[in-house]
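Pasting the structures in now, so scroll down.
Note that subunit A is present in both complexes that follow, paired respectively with subunit B and with subunit C.
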Partner chain A sequence: SSAIETSAMSITEYNGGGILAMAGKNCVAIASDRRYGVQFQTMATDKNKLYKMHDKLYIGLAGLATDQATFHEKLKFRLAMYSLREERDIKPASFGKLVSTLLYERRFGPYFCEPVIAGLDSANEPYLFASDFIGAPLIPDMDSNGFVVAGTSSEQLFGMCESMWRPGLDPEELFETISQCLLAGSDRDCLAGWGGTVHVICPDKVITRTLRGRMD
Partner chain B sequence: MSKKIDTKTISFCPEGRLRQVEFAMESIGESNITIGIVAKGGIVIATEKKETKNPFGENFNSEKTFIIDNHIICAASGAIPDSQILIEHARIQAQQYKKIYQDYIPVKKIVEIICDIKQQFTHKGGQRPFGVSFLVAGWDSSNGLQLFRTDSSGTFSGWKAAAIGSNSIINQSILTDEYKNDLDLNQALSVLVKILYKKTNSLEFWKIIDIVLLVLDDKQQILIRKMNREEVNSLVS
Partner chain C sequence: MDTVISLIGRNFGILAIDTISPRSIVIMKKDLNKCVEIGKNKYLIVSGLPGDVSQFTDFIQKSVQLNSLKTGIPFSTHSVANFVRKELSECLRKNPVKVNLTILGFDDSIGPSLYFIDYLGNLQRMNYCVQGHASLLVFSLLDRHFKKEMDIKPAIGLLVKCIGVLKNRFLINQVGFLIKIIDSKGCRSVGIL
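After this line comes the complex of A and B, so read on.
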């Protein structure tokens, strides 16, 4: 059988994926697809791209898989040192700034990963953050567009979120909305898909669900 | 060379001893008592603290007890500012190990890291040794529950029950009498109380003692917690 030739794909499209986060009323949700591929070949369909930093803070990393893994370990290191020294969990806003700073430290030899952060601050107000791979932050206005996206399917996800998101969603509505946006968005991207993972972060608990979409 | 106090830390005295290291141990022998006991299912460490009102409230790392990583705790006797430097270094090393190996650092390795630094200050540079002794308690998958004791020279050894700080020789012999191989945590706590309570006269035991537990549950999950006011007082009432 003929092997797939290597194509000149951008390094950020090498593994593929789609991540999005949305804000609701005193809750946030973060979702990602589950594909792990090498260019056009799918290697695994259960890849985890969402990482828990603490009970009210999750980060999703899109982009090159090896950089996702390494950058995540760097963040785990910094977070552990932070909580040992400060004796408390890091605030989402401080964590967003930390991520930005760590990415810019590698301005001229960057990590090819794009972070998406979803968390609840101490007043249980939602916090969302996204950045490019060298740390330029995007903190959306919660009243008009409380969502952030990243990955190869970011354009599709932007379109879905723009039409489906509205302010003031409760946890169940937020789950439905984010799930539909993720599945529809990654359906139109050959490098993302194979289901999804969703975490809905509420003040007292985190609801985690796995989605089954078009498995292709 | 003068036969009086040797001011250079990096020289042996005529009798072949490192005087500065011994003076450091003298200073630890005047400081707070710290006792650690390995029991079935966990390790308990208790340390004396001065009776003060803490304006910031009671949090875990009060004064002399520290978490190094989620599976290692440690308590210090002696110059607490000296201990802060070593603890900070140990914490960073524990995270570096986790970053490279995705696994908890072995307890003995952390103790070696701390002791290597302590040894350097008895060897070169002309700086005084660290005037602090640690009891490091932790769990790893290779060797289970372990308790180590370190001193100013950089020596360390593993113990089932150890005492450092003032009256350590007397307290260590009490531990030798009282310790049995299958003590559970509650029995270990009563041994601790036997040694520490007679040092205090007040009924407000919690004000002058910090007790920290590292508990291993059936699912091999490690839980580190400091006993709160009611629990500490209930040990002596």
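After this line comes the complex of A and C, so read on.
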């Protein structure tokens, strides 16, 4: 049926989106855009792409929306089983390995989603993780480039983060920096944008804010 | 290609759905009711490849009914939507089904809710939604004129505007649009525009 035609876009660009995470001093922030689109048409402007795993661990999923949802459901299940068995919350580093393994399990029929993980470990040191859709990990060096990005606007976000990030940001400065990077980065990507959601994870609380950007 | 325009108002959900059944260049039936009732307070509208549509609709309707008989608990709209999403996402990599769905329901605890699920299994809860090629013409009209918590008369007025645009500019003559409402009293048909 003609309704199901797709143009020559890659499957990871079918829905679009941009996710980034940044590290500060004893805090991390993770941010995503809010567009839910089907190829070139925007269907909704309040899609949630950031998922809370526990109080100090958030994951953002970019890529095909159905695989984001399916993969998140798998992770939620695995984490629930983990916390029942181990009677504690999972460490961010272990969670990163878990995500990597789960994605590689589907090496020859992959989930088309790219994860970005932001968390605080038990010493409240920031942890960042990103991978491609088959689980190749990227854990950045916190002293020189404490940020990770994913999604259709990843190149724009890389450029913004490279110029604006510096080590040792406190929560408010981190929020400002990550917000400006997200908004500027997704402005130039037609498949991402329509505002943003930011979670700043501090040792005692999580600050969640919604950004209003160019709504186009 | 089916057109479904649905929106949420104050304690009700309303939808307009076209009533033609086309095959190639011919309209086979002009008064087809494409809304399927699930329980007493949910509508499911499925569109896409004809065989997949009838098979998937029956499957969902009967599965939900079976589950609510087994457990004795009637399903909420949120559960039905997530159940459909799960089935579609599992089908995606085994036996793909090319259908898009709109689910409009009313729950006593949360009021009306509207979900759109596309053929890949992307689930999104929305305040208003257009399904089909008509979305290219009608969505922007809804962006401009939709307000939250509308009453029934303004909502029908908005649907009249949307259908007017389609009758004016849409290539396909979708002869009539069936208007249906779901609220705390259940599902009912309002008329044909």
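Going forward, the second predicted complex is superposed on the first by the 210 of 216 C-alpha atoms of A that agree within 3 Å, B and C clash if a C-alpha of one lies under 4 Å from a C-alpha of the other, contacts with A are read in each partner's own complex, and residues count from 1 in each chain.
Definition applied: contacts are C-beta pairs under 8 Å (C-beta built on N, C-alpha and C of every residue); 3 or more make two chains touch, one makes a residue touch a chain.
Computed from a predicted structure; not experimentally measured.
**Student:** Touch check for A:Lys205: first (subunit B), second (subunit C), both, or neither?
**Tutor:** neither
**Student:** Would you sort A:Lys76 into first (subunit B), second (subunit C), both or neither based on which partner it touches?
**Tutor:** First partner only, subunit B.
**Student:** Looking at subunit A, which partner touches more of its residues: subunit C or subunit B?
**Tutor:** Partner touching more subunit A residues in the overlay: C.
**Student:** Between subunit B (first) and subunit C (second), which does A:Glu87 come into contact with in this model arrangement: first, second, both, or neither?
**Tutor:** first
**Student:** Once the shared chain is lined up, is A:Arg166 touching subunit B (first), subunit C (second), both, or neither of them?
**Tutor:** It touches nothing on subunit B or subunit C.
**Student:** Would you please give the residues of subunit A that touch subunit B in one complex and also touch subunit C in the other complex?
**Tutor:** No residue sits in both footprints.
**Student:** In their complex, what parts of subunit A are in touch with subunit B?
**Tutor:** 73-74, 76-77, 80-81, 84-85, 87
**Student:** In the complex formed with subunit C, which residues of subunit A make contact?
**Tutor:** For subunit A paired with subunit C, touching residues are 1-4, 14-15, 36, 38, 41, 43-44, 47, 64-67, 69-70, 109.
**Student:** Give the list of subunit B residues in touch with subunit A in this complex.
**Tutor:** Counting only subunit B, the residues touching subunit A are 59-61, 67-69, 91-92, 95-96, 98-99, 102.
**Student:** Spell out the part of subunit C that touches subunit A in their complex, as residue ranges.
**Tutor:** Spelled out, the residues of subunit C in touch with subunit A are 1, 47-49, 85, 88-89, 92-93, 98, 100, 116, 118-124, 126, 129, 132-133, 135-136, 139.
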